[in-house]
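Both complexes shown next keep chain A, but they swap its partner, so chain B is in the first and chain C is in the second.
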Partner chain A sequence: MTAGQTDTARPAVARRPFAGRRLLRRATPYLFALPLLLFIAVFTYIPIASSLNLSLREWNFLRPDKPFVGLENYRTLLSQREVWNALRVTVIFAVISVPLRLGLALMIASYLVRETLPSRLLRGALFLPSVTSTVSIAVIFSWVFATDGGLMNAALTSLGGPKVPWMQDPMLALCVLIAVNTWKQLGYDVIIYIAGLQAVPPELYDAAAVDGGRRWHVFRRVTVPLVMPTTYFLLVIAVIEAFQVFTIVDVMTRGGPAGATDMLVNMLYRVGFTLFDIGQGSALAVLLFLLLIGLALVKSRILGRRVHYEA
Partner chain B sequence: MKRDPLLLTGLALGAGLLFLAPVIYSIWLSFQTANAYYTGTLAFTLDNYGHAIGQYNFARYLVNSVIVSGLVTLIGISLATMAAFAFARWRFWGGDFLFGAVVATLMIPSHITLIPNYLTLAKVGLLDTYAGLVLPAISSGFAAFFLRQYIRGIPRALDEAAYMDGATPLQVLLRVIVPVARPAILSMGLYIFISEWNSYIWPLVAVGRQDMYTLQIGLARLYRINPGEGMIDWPLVMAASTLTLLPVLLGFFLVERHLIRGITMGAVK
Partner chain C sequence: MASMGRNLLSASAIALCAASAAAADVQVEFWHSFGGGGGKALDTIIADFEAANPGIDIVTEHVGNYNDIVAKLQAAIPANRAPDAVILEVTRYGLFADSGVLLDLTPYLDADPLKADLFDFAREVGVYEGKNYIVPFNNSTPVMYYNREIMERAGFAEEPAPKTYDDLLAVSKTVTEKLGGEGIYGIAAPGQFARWGLIMSNDSDLIDSVSGEILIDAPNTIDAYKWMSSLVHEHKVASPDGVTDEDLGKDAFTAGKVAINLGSTGSYGGYVKALGDKLEVRPMPCNKVCRVPIGGAGIGILASAEKEVQEAAYKFVSFAASAESNAKWFAATGYMPINRKTAEQPVAAEALATQPGIRVAIDQLPVAKGRPRPPVVTWMRSTGYDMWQAMALGQRPVEETLTDFAARTREEAKRSQ
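Our next item is the complex of A and B:
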């Protein structure tokens, strides 16, 4: 087949120019794509428009007639301390957990990059949590960090340490959530980094080693720049995930103690489905949506020029 | 710098087990009696599983999870494969735009669809039904994107030969593309199944009736209602947790390589 041939030309059918057949032939790709597109339209794109619309209306138990109120919901939301608290907590969560995930993952991946049995075993173990039920993991770690009868405190007290109220202390509870989230997602990052590292030509390492590069130096000057595209991919994913974290928080702390771990999506769930304030819940969803799109744009601005696509 | 491979393997195994210790220990705990757990003695039993399955209805949740994840996977992978075929093999008016719309769903935070989808399903009376759990979860932009890349790598000569023999596009898809793309379709199917099995927020929103709970919802509720007087009955909770994570864990061991290949192929390109 020649490279210049267009995708539409299909000789076998082209020789029969009946109108019906031609129409069918033209419609073929649409027919194949239609079912998926229909589902995406109904359950993703129309809801986005609908969220925008709902966010401009007052719709709750008091006002079932859903009158148009303009930006009132946004004004109310942005004047609530609860929202700013959730935003602050989510940003702290993201700012700590994203670099933690990526940094640890890249270091581990550079050790596990070779295809040997030990490295395969460790990769498997690291990857396992990322396919394991998040609710199960949250429940298991609730037990690990339980003040009474928990694994962590049992270990601490047996070493003569104090009983730590992990989930009751605002700071510690957030740290625990970050740790659990990192534990769960780390293996995915490691696997992706390994794939990225394996795409780096080994001669580059050899060259750096010949130049007398020490391990850290090679890591810093060769590995890190060369896996920049992978880092960029993982950064996008990790940030999106961090801003949407919900399950572990809902199961482990429900935003507590005293709002110290209350994330944006937890608040969204509470406003929309516990308080049934559809208008404000939708406004919050739209704000989260805009925030993530804004972040994506900023990231591609800042990082776009620093990505080394070629070795 | 040669090191003993056996020693290294042992070290790796040890580190891996240590990393997974909470999960392994929780499974161990699920076989102990609550009494033994709180008094620090050892007594093994299967009662926790009996209670979880019988009294706490986890048999039903398991069936629900299997049905919902199974349906989402079968329908989802079919739609994704069909769309991928269209986007990979034809250039048609609006095709690039439509493919862009599919790929963009990867970046769209799913929570913006939560309230509208809930309202839609409430309006048509599909809350608390399998359809309500399945329908919003079906479209997988990732699978469509990934399979399209894969199908583009399949030589077009194979299609042409089949068309010469008088095959219709549907026949080409089923007899040529699907068999060749089987590994990719399998790993994407697996990816969809695992994501759906573990999905939490949508079932939480779409289901209120207890007999429609999936395992994830059932486990979260069981943990929250704290059976056992005053203290949490951890062995019971861990039995329920093991029931929730084990099917995927077993599947993972069977197909780890497929899954990892699927995930990395999507990322590093």
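Our next item is the complex of A and C:
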């Protein structure tokens, strides 16, 4: 090999790794994100696309073919009173349970924000239902609220009160579900609110105290606006959870009595996996998806402006 | 030399693998719905079968109740994860037969001496559109269970023998009036199977099993539902808990909080265990006629299974319906004998001699009637819970509810055709 040959070969050899490294550098973030993107694609985007496709077809798991029926499944669903009933019940559930959850959580968090031993113990106790199996909770509360032999009615009758048909009265059954769901989710909301409250600069409270602000006014004028980002985050989560509530309802009431607690997701499950109408089940899933997207947009329009991330 | 030894060793290993593969057992994956005493009895039958058929392994999976099986089977089929054999409830296998999922067992059963041994009712429950799709395994009729101790405490010096709706209501009222203060009810709100029995005893049906005519809004069906609903919301002799959750009605009976419970004869084993000598079993009431529905399930074989597995599965199905196996099953659970020779088996003879309650369902056989099994039945039974709750809890008038339900069932029947 001559020196000249070596000279001419050198730049070529040097360029190749340079170009490769540049490409690699550009691709590195994407490569890191790739496993997660693949995971999301396989378990989220492909199922969404698949649901959309199935919602336009007639299929019951057993048929080898899936004929295209256009918007027929949507038309059939929207003409069924059960769907409107499920939507009404879900909206009532959300409208009552979301403010209840957030209001209670903020009040409790305001008291538990102090770093004392009882406060820490109470935080742990409140968080426990959040990490307890929903099915176990639902089974236990089914017994608590049983009309005959239930703990709640045993307590009421021992005090001379009447037996209350908790799970048979349409309104009471819904109230019981809201109460159980609130009890289960409260701990999570409280912990998030405590984190939000701890980020509020203490000088603001000192200034309010110097100005002679009463406790309620300080809470309303200082605490509430400054934890708005937390409230907004919890609101988004709570609304989605309220519209997707399933396990508690399925175990405790199965949508009963007579459809009084039938939520959209319970209906979706029933249509898809009890009545085996996958087309209509998928159409209902798409409608629920659109409803949640719509609600998220409305929330961001209305509340987004009131959320300030700087104190 | 060493290399030759290695080659020999490899060849021997390959030969051994091939030989063991050739002699490998045929595995039959079997989904069923039996836990507790029923599950143990089934395990015994399977152990007997495997001992008699060394080349076949039955791999069982307790999938849940009948509804769970229907749901999971539907989901498993497109995922190619369906079992080879499955327990299917007698009114809900038509859906799978219609779709070609189940193997037509007619040629198997025609060539099997078992066919001649099966009772007529047992042969009939497996036939859909002229072909045999399931072989009966656990068949039942509803019966009337009552707690003797509660009856005595309520002042019945002699055994009450309620034959009609009025008789049953009168007994239930007496018990509730006398013992209601202790939280004891006269009767459990009838479950879906018992409701069907009470409708039949009022000389009606939900769907005619021969013509397929929908009879949900027939006058006698409406009257039957009016009476059943009145037990809960009008006369308050049945706890509303059993309306929103049928299992709570059974639980209250086994806990000694209910005097009368109308339910499947398949619950007999469990009730004996819970109530012992206090348990009495009597035939279902005959309000206008004496007639009871046949319930329970049979075993179907999946068309998707390999031929060799299908044949092994049929051997098991036939074995499970044999007199020997059926006698063990009958004695352990209380489900009806399906084989004419079952009663001759010592274990069945002993059960009949020592457990008088177990005979009631057999005595009802002359008035037992098969039920329809087209795909719409699955829809009707799933949707029927809401209708029953609305009527029994007094939230909607019976006639209006059933007229509406009948119209929707007719629409669904047309749609599913």
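Rule of thumb we're sticking to: the second predicted complex is superposed on the first by the 272 of 311 C-alpha atoms of A that agree within 3 Å, B and C clash if a C-alpha of one lies under 4 Å from a C-alpha of the other, contacts with A are read in each partner's own complex, and residues count from 1 in each chain.
Here is the rule we use: contacts are C-beta pairs under 8 Å (C-beta built on N, C-alpha and C of every residue); 3 or more make two chains touch, one makes a residue touch a chain.
Since the structure is predicted, the reported quantities are computational estimates derived from the model, not experimental observations.
Colleague: Between chain B and chain C, whom does A:F273 touch in the aligned arrangement: first, second, both, or neither?
Modeller: both
Colleague: Just to be sure I read the superposition right, which of the two partners does A:Q168 touch: chain B = first, chain C = second, or both, or neither?
Modeller: second
Colleague: Identify the partner contact of A:S50: answer first if only chain B is touched, second if only chain C is, both if each is, neither if none is.
Modeller: Touch status of A:S50: first partner only.
Colleague: Is A:L288 in contact with chain B, with chain C, with both, or with neither (first, second, both, neither)?
Modeller: first
Colleague: Looking at the overlay, what does A:D65 touch: chain B (first), chain C (second), both, or neither?
Modeller: neither
Colleague: For A:T147, select first, second, both or neither according to whether it touches chain B, chain C, the two together, or no partner.
Modeller: second
Colleague: Once the structures are superposed on A, label A:T253 by its partner contacts, choosing first (chain B), second (chain C), both or neither.
Modeller: Once the two structures are laid over each other on A, A:T253 reaches chain C alone.
Colleague: Once the two complexes are aligned on chain A, which partner has more residues of chain A within touching range, chain B or chain C?
Modeller: B
Colleague: With both complexes superposed on chain A, which partner does A:E203 reach: first (chain B), second (chain C), both or neither?
Modeller: In the superposition, A:E203 touches no partner, neither chain B nor chain C.
Colleague: Which chain A residues are contacted by chain C in one complex and by chain B in the other?
Modeller: In chain A, residues 142, 146, 148-149, 273 are touched by chain B and also by chain C.
Colleague: Over in the complex, which chain C residues touch chain A? Could you list them?
Modeller: Against chain A, the touching part of chain C is residues 67, 71, 74-75, 77-78, 95-96, 99, 101, 183, 185, 239-241, 243-245, 248, 252, 255, 257, 378-379, 382-383, 385-387, 389-390, 393, 395-396.
Colleague: Spell out the part of chain B that touches chain A in their complex, as residue ranges.
Modeller: It comes out as residues 5, 8-9, 11-13, 15-17, 19-20, 22-23, 25-26, 29, 37-38, 79-80, 82-83, 85-87, 89-92, 95, 98, 101-102, 105, 107-120, 135-136, 138-139, 141, 144, 156-157, 160, 163-164, 166, 169, 173, 194, 197-198, 200-201, 204-205, 215-216, 219-220, 223, 231-232, 234, 237-238, 241-242, 244-245, 248-249, 252, 256, 259-260, 263-264, 267-268.
Colleague: In the complex of these two chains, what residues of chain A are touching chain B?
Modeller: Those residues of chain A that touch chain B are 1, 6-8, 10-13, 26, 28-33, 35-37, 39-40, 42-48, 50-51, 54, 116-119, 121-122, 124-129, 131-144, 146, 148-149, 151, 183, 188, 191-192, 194-196, 199, 229-230, 233-234, 236, 240, 243-244, 246-247, 250-251, 265, 268-269, 272-273, 278, 281-282, 285-286, 288-289, 292, 296.
Colleague: Would you mind writing out the residues of chain A in touch with chain C in their complex?
Modeller: 60-63, 142, 146-149, 165, 167-168, 170, 253-259, 270, 273-276
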